[in-house]
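Structure provided below as structure tokens; questions to follow.
Chain IDs A, B, C and D follow the sequence of writing; residue 1 opens each chain.
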Amino acid sequence: MSDHPREFCGLFAAVGVAAAAEKTYFGLYALQHRGQESAGIAIPREGDIIAHRGMGLVGDVFSQADLARLASNVAVGHVRYSTTGSSNVANAQPLVAKTGKGPLALAHNGNLVNSSSLRAEYEAHGSIFQTSTDSEVILHLLAHRPQDRFEDALVATMREIRGAFSLLLLTPDEVIAIRDSQGFRPLVIGSLGDGFVVASETCAFDLVGAKYLREVEPGEMVFLAPGRPLRSTRFVAPAETKRAHCIFEHVYFSRPDSRVFGDSVHAVRRRCGEILAEEHPAPADIVMPIPDSGTSAALGYARASGLTFEMGFIRNHYVGRTFIQPTQGTRAADVGMKLNLVVDVVRGKRVVIVDDSIIRGTTSRAHVRRLRAAGAREVHMRIACPPVRNPCHYGIDFPTKTELIAAQHDIPDIAKILEVDSLGYLSLDGLLRATSFGAESYCTACYSGKYPVPIEAGLDKFVLERR
Amino acid sequence: MSDHPREFCGLFAAVGVAAAAEKTYFGLYALQHRGQESAGIAIPREGDIIAHRGMGLVGDVFSQADLARLASNVAVGHVRYSTTGSSNVANAQPLVAKTGKGPLALAHNGNLVNSSSLRAEYEAHGSIFQTSTDSEVILHLLAHRPQDRFEDALVATMREIRGAFSLLLLTPDEVIAIRDSQGFRPLVIGSLGDGFVVASETCAFDLVGAKYLREVEPGEMVFLAPGRPLRSTRFVAPAETKRAHCIFEHVYFSRPDSRVFGDSVHAVRRRCGEILAEEHPAPADIVMPIPDSGTSAALGYARASGLTFEMGFIRNHYVGRTFIQPTQGTRAADVGMKLNLVVDVVRGKRVVIVDDSIIRGTTSRAHVRRLRAAGAREVHMRIACPPVRNPCHYGIDFPTKTELIAAQHDIPDIAKILEVDSLGYLSLDGLLRATSFGAESYCTACYSGKYPVPIEAGLDKFVLERR
Amino acid sequence: MSDHPREFCGLFAAVGVAAAAEKTYFGLYALQHRGQESAGIAIPREGDIIAHRGMGLVGDVFSQADLARLASNVAVGHVRYSTTGSSNVANAQPLVAKTGKGPLALAHNGNLVNSSSLRAEYEAHGSIFQTSTDSEVILHLLAHRPQDRFEDALVATMREIRGAFSLLLLTPDEVIAIRDSQGFRPLVIGSLGDGFVVASETCAFDLVGAKYLREVEPGEMVFLAPGRPLRSTRFVAPAETKRAHCIFEHVYFSRPDSRVFGDSVHAVRRRCGEILAEEHPAPADIVMPIPDSGTSAALGYARASGLTFEMGFIRNHYVGRTFIQPTQGTRAADVGMKLNLVVDVVRGKRVVIVDDSIIRGTTSRAHVRRLRAAGAREVHMRIACPPVRNPCHYGIDFPTKTELIAAQHDIPDIAKILEVDSLGYLSLDGLLRATSFGAESYCTACYSGKYPVPIEAGLDKFVLERR
Amino acid sequence: MSDHPREFCGLFAAVGVAAAAEKTYFGLYALQHRGQESAGIAIPREGDIIAHRGMGLVGDVFSQADLARLASNVAVGHVRYSTTGSSNVANAQPLVAKTGKGPLALAHNGNLVNSSSLRAEYEAHGSIFQTSTDSEVILHLLAHRPQDRFEDALVATMREIRGAFSLLLLTPDEVIAIRDSQGFRPLVIGSLGDGFVVASETCAFDLVGAKYLREVEPGEMVFLAPGRPLRSTRFVAPAETKRAHCIFEHVYFSRPDSRVFGDSVHAVRRRCGEILAEEHPAPADIVMPIPDSGTSAALGYARASGLTFEMGFIRNHYVGRTFIQPTQGTRAADVGMKLNLVVDVVRGKRVVIVDDSIIRGTTSRAHVRRLRAAGAREVHMRIACPPVRNPCHYGIDFPTKTELIAAQHDIPDIAKILEVDSLGYLSLDGLLRATSFGAESYCTACYSGKYPVPIEAGLDKFVLERR
């Protein structure tokens, strides 16, 4: 439906908390934007692990009876997005396995860059794989580590895998929250009563009433068990870590009411809009966002430019609540079904529209045409990030280079294709200035092509399926 | 879920238009906010009328196969809200009846004030009723009129019923669009290719690509048939009509991208916000709406006051897309599941929140408490209409007087109950000034208690069911 | 799916019985063979009547929650079969109406022969109809009777309608069981604890643990209310009644474990098989039924002929439990999916197959071909009733005359069409001898063409829909 | 619902056959009695294997769209029964795994007796398990075999596993049908056009129009690929095989229209009834089966005894077609909902009822009580197999010894518990005489306690889950 790239996953865990599966259910609901195709929750039960997973939104996957069956004070949950090819319940997480080190459940956000070679190696030695996910490789590695002490085996495993991985590992006794040494994907810890919660984003804490404590640090493993204090250890020394936080979390993925990598997402986006107004002013009457992803930046743009802020597009409340049958007349109406346009706002006006990013450009052009049809005099498009020109290998599902409009065209051409009077992208420098961690701490590969961790040749997200 | 009153119905018809049922399906989708509990479409078929009706949202009621079965170039559709007591498919519209005047389908938006006595009279003479709706009375009247000419019988019927009625009547040959002589509820006509469309609001025209022509006038009957020009007649002379447009359509019901009673809804709301800022300024840092119903007014308030506009509350995209199980912990989280609060926006700030209206006040107080918890320094609430103190008898489902906070408390008390630092309601005069038709043309009974059409003693919306 | 004609309806009521709706639910389940397309239960509630109706089998229509909502000590239920054209929930029974004589619910088994003219008359006087069923006419008649006393109005109504009607009428106070003066369709009364039950067949009594009392007599109205003794009155004097029991109830419709019109259905069918063996002996090795409808007669045939009884065809347990997708290869397999053939039983044998009746003959021929393919040496078909040559106007849905094989062909031709070595039908005299009431007490119109009640010209079951 | 033991699985494959998945769908439908809880079909696709599996009956698991997606000329299918504990889609078969030997799908009927120790060994060496089935062990063994040639690895695997296994293994190129060296479970090969089909029972061949060729021999591996002749090899030499066909397939599991272990199931059961009549005559008026499982034996009993055969119990057609809500009154009615009793058949009679086996005895007693209530003068129960006293370790889910009535009581006591006038079980010798293979060729462990393959200590069907 949307022209936006999609995140692979969202994570949530509750430890030492009453009705942990219910808390996890609400936590996953708050993280639903990170994955809409499957959801799952695993809990420990008498030395074993049981799980409920299914295709669909969190509210569809879990009935009240399902939640009742998952009664526990420890739970780990996962929401997942997957492309059509591999969209099946076998790939839904948490993955559960019975191993020589006991039963395990694993929830993974991110993408490994050496899973393909690891998997080939394990298969050659007789291991069998049930899923087409890179996450299953982690379980095989862990099960095969010769170390007797579980924690030693875990450290050895984490040192073998490369790429992006925020992990929640459930054993019958505890939950272990782990983040790769670059910290590509977010992972935060909070407190709830006497227990702990872990989540991809802080917005999940707000919904369950938990208090934010801190991030899981890059290279850190945090052990959480009911009635025990948090225990931290590292599989990579702080000196060896090299931060590469995914800047696209700020641009689009994370919810504006979350804090991610130490910054308020809304505040970063608003600053992006302000810098964008400085970099690309527009001779216009009003500024309006493509809601909701462009709203924060549009507010910033309006403030910095002094132009009037308007809500010319309004999201239709019923989009997604009901499946509208595709019919012969639908396609034309498609964009109109998601965003209602207030014609009176734009008629005869010079309009700046602010969006978070452009991927294929098809939806953007449809918006522009609707504005023209409604009588907008000029349409100036402003984009709150640089042109997206490269694929992501760390967990975001961008389309291929041939589909990325900015990989195929320069900016003047894009302006023509989108039929706008002017087009301005935020500079990479501007984007990085809007954050507070320092330019060298972010992964900007989708804009700059600089990949912080080398990629196995030929890897893409289906490589595991095609073999 | 919501603290807002609910409209009873939305209407749509397509005449002389290819795939008329599909157009009606999309038209009803655009009008979904006017009724979410049942939906139906009726078409003529070889001298008879067939219909498909069901409980639920438009997209749930109609499958592709259902729409395929409704192939026709004429269609009449209806979405309906009903209270729990009478929520059943038998009451879903369009009502279909086989009568001595031929088969008929009726779609009705509004509420009759003399249906109770009419019904008693008909039952006494042997008529049987299948539904508990006032709409069925109209069909009985029409079927019993002695006039041989259908149009004469129709005029006689319309003169007998009193109250609010925007109607679409389908015969095997044509669609007749009718509006009561006060024009309580909106009803507009558009053109689509060589044919016509009729709808409760213009937003439905935008989605199907139709062009707005004009309103159905109070007291007018418009006859529409494929291949024939529009034909208009009246059951009440223009001089006898007395406009009483429902002002609450502007305040809350209609979509902001609609034109209603000749005004842009968004523009009226923004003007309300501007006048509200003049009537009730606030010593604050930021202005933010309760989205989406308060957004237009908040923009107006910000503009007129010069205060910074912010989006501190953001609607959760997944509300309503998935049924979240009620669990022990839900109730507290309920408000938080619908609106995400960007804590950084409000922390330490003096905040003006703008909403369209207050009914019970419970949701409003929950919002205020979340703002306080997030660190807002002051909370000033501004409401873009006067205090709602009286029930509606013309088609809106307000709660009873005992539940209406403004019917029970004066404004200073309400401010205390809502725990705000200040509270300001728009004046009735201010509200009427925001519209362009003239103060005497609107029904303001819910604010003023002045009912333009007298009510039968003891009538409420269940009177027909209780008898 | 089947080549058998279909009954229109089954009735059940419980009065003065705890959990009456649940009892009715089980009673309807026992009567499911009389109607599979819709089901409904109505109960009195505080002076009004509420009902739950839906499309599908009894178990699909009622959830536990539905039954819980119908808590009452009085309930009336109905299962209905309808042809595709009129298969919709609006036609599902019990019909519920609000009338000047109070709220009423009606469940009807049978078919009126003068409903078409009555309906035309009522429509001409302004009445409106919601369904395309003849049953609704009864409610209109009743509502319009001028008699003040309800019972007088009821008697007047029953005297106006003609044809087949076993009725259950529910008022807020009582249930009235009524049977037309010919007694076309069965209707029996039983006792359950201190209360009463009424049903189309006694098999429903067995399932709920009720005791058979007697039939509702032709021309009788039985009034049943909690805590009151059964009260009987008549709308036609016994001398004026002329029995015309539907002989096809014995041949096919009723369950073999029911008593119908005073006879055990199984015993009648077994006697039919015995007489059939005398009338049409066969030079064969084994006798086997088309199960289950031919089983009783085949047992009789085997006993009288001295031939070995076998079960060569066995019903597949999963037929109907799961909807098997129609695919390119299905049609050929269709018969094989319903009946499993034990090849070893028939290989090299001369086989008599016994079925209850032949309607179109298509299924019969498919059975014969399977037997030949399995190696049967000879196939002799014996049918436990006479050739069906005429439509039914009293409540059975036979196909039209052009589809009835025996209306188009003589018996030698049918034998050729069915590819059997010999074919024998039971004589009408033989069939009537198998029953105990006397030949003149049965309606045999489908065999003899003698219609006990004259039919309105042009009446068929869709006449009400087509007008 | 039933008191019968349950089979674990049914298998079907089509190779070199157009629309192979559809054929498999119908084949599984014919084998539905062997497993009702999950169903699955796997096909090769461009060097990989794809599968569709789900919980429920075959017709529920596969939509037309699912079958369309499985377009192929090779398919392997499986239906599975599992106890509640392990009833989940992860355990549904065919199991699919990606291994160093390529992608594989496995369908298994039977039960391994050394899977527990094998699994422990593999887990100790780092393998991870996704299911709690013994079948997954086979995939791990195969994937780990060091042999380079796939067939060599397969032979080595089959030599390591012990117990009952009829297998269908799908690779991207071929289907391999394998049967353990005892031949516990059936597996037969047929031809269909130019291709092959494989099934648990021949009844599946009849439905898809295939021709029976032969059994897969104990210890044989049959390789089937499109366009290639059947190729057979062995992992155990014929001299080393020791037949131990499950006699319970004849007693209850297999469909009467199947040939199993070279005998017609119906014929074996009828002979059992004949021998039973000789061993345990009864002074009675009629013989009637508990349908359908007792029907064949009852026919044999009637024939040998000269007593009149009757169908006093008739299966309700709607059992299982609709889920009947459990309510307060249900339990008593439960037996009555499945079998209708024709009261007139048994009233005043001395009745022999014939059933295939007795497991717990609870259902049998309910039947006896219904007969008494209907007026049967005497009730003599005859069982067409010996007393079931021991659990099965080769693929049948009997209840535990404490629940097996014959493991807890001697025959006179059982007669008292069942409230019958006499009780007779077929002797083991009699049962074996009814088959044609020779007494030493069958596994009779459930009767005799002689287990042909030694069992690992403590093994039961949940051992893999509990560890």
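Rule of thumb we're sticking to: contacts are C-beta pairs under 8 Å (C-beta built on N, C-alpha and C of every residue); 3 or more make two chains touch, one makes a residue touch a chain.
Every value quoted in this text rests on a predicted model; they were computed, and no experiment measured them.
Peer 1: Out of curiosity, which chains are bumping into both chain C and chain D?
Peer 2: Looking at chain D and chain C together, no chain touches each of them.
Peer 1: Starting at chain A, what is the smallest number of hops through touching chains needed to reach chain C?
Peer 2: The fewest touching-chain steps linking chain A to chain C number 2.
Peer 1: How big is the gap, in whole Å, between where the Cα atoms of chain A centre and where those of chain D centre?
Peer 2: Distance between chain centres: 48 Å.
Peer 1: Using mean CA coordinates as chain centres, what's the gap between chain A and chain B in Å?
Peer 2: Inter-chain centre distance comes to 38 Å.
Peer 1: Using mean CA coordinates as chain centres, what's the gap between chain B and chain D in Å?
Peer 2: 61
Peer 1: Hey, what residues on chain D touch two or more of the other chains?
Peer 2: Within chain D, no residue touches at least two other chains.
Peer 1: Okay, what are all the chain pairs that touch?
Peer 2: Pairwise, the chains that meet the contact rule are A-B, A-D, B-C, C-D.
Peer 1: Going by the contact rule set out above, which residues of chain A touch chain D in the complex?
Peer 2: Where chain A meets chain D, its residues are 48, 89-90, 96-100, 104, 123-130, 132, 139-140, 143-145, 465-467.
Peer 1: Mind listing the chain C positions that touch chain D in their complex?
Peer 2: Residue list for chain C touching chain D: 19, 22-23, 25-26, 29, 32-33, 56-60, 62-64, 67, 203, 206-209, 255-257, 259, 264, 266-267, 292, 295-296, 299, 302-303, 308-311, 314-315, 317-318, 320-330, 332-333, 336-337, 340-345.
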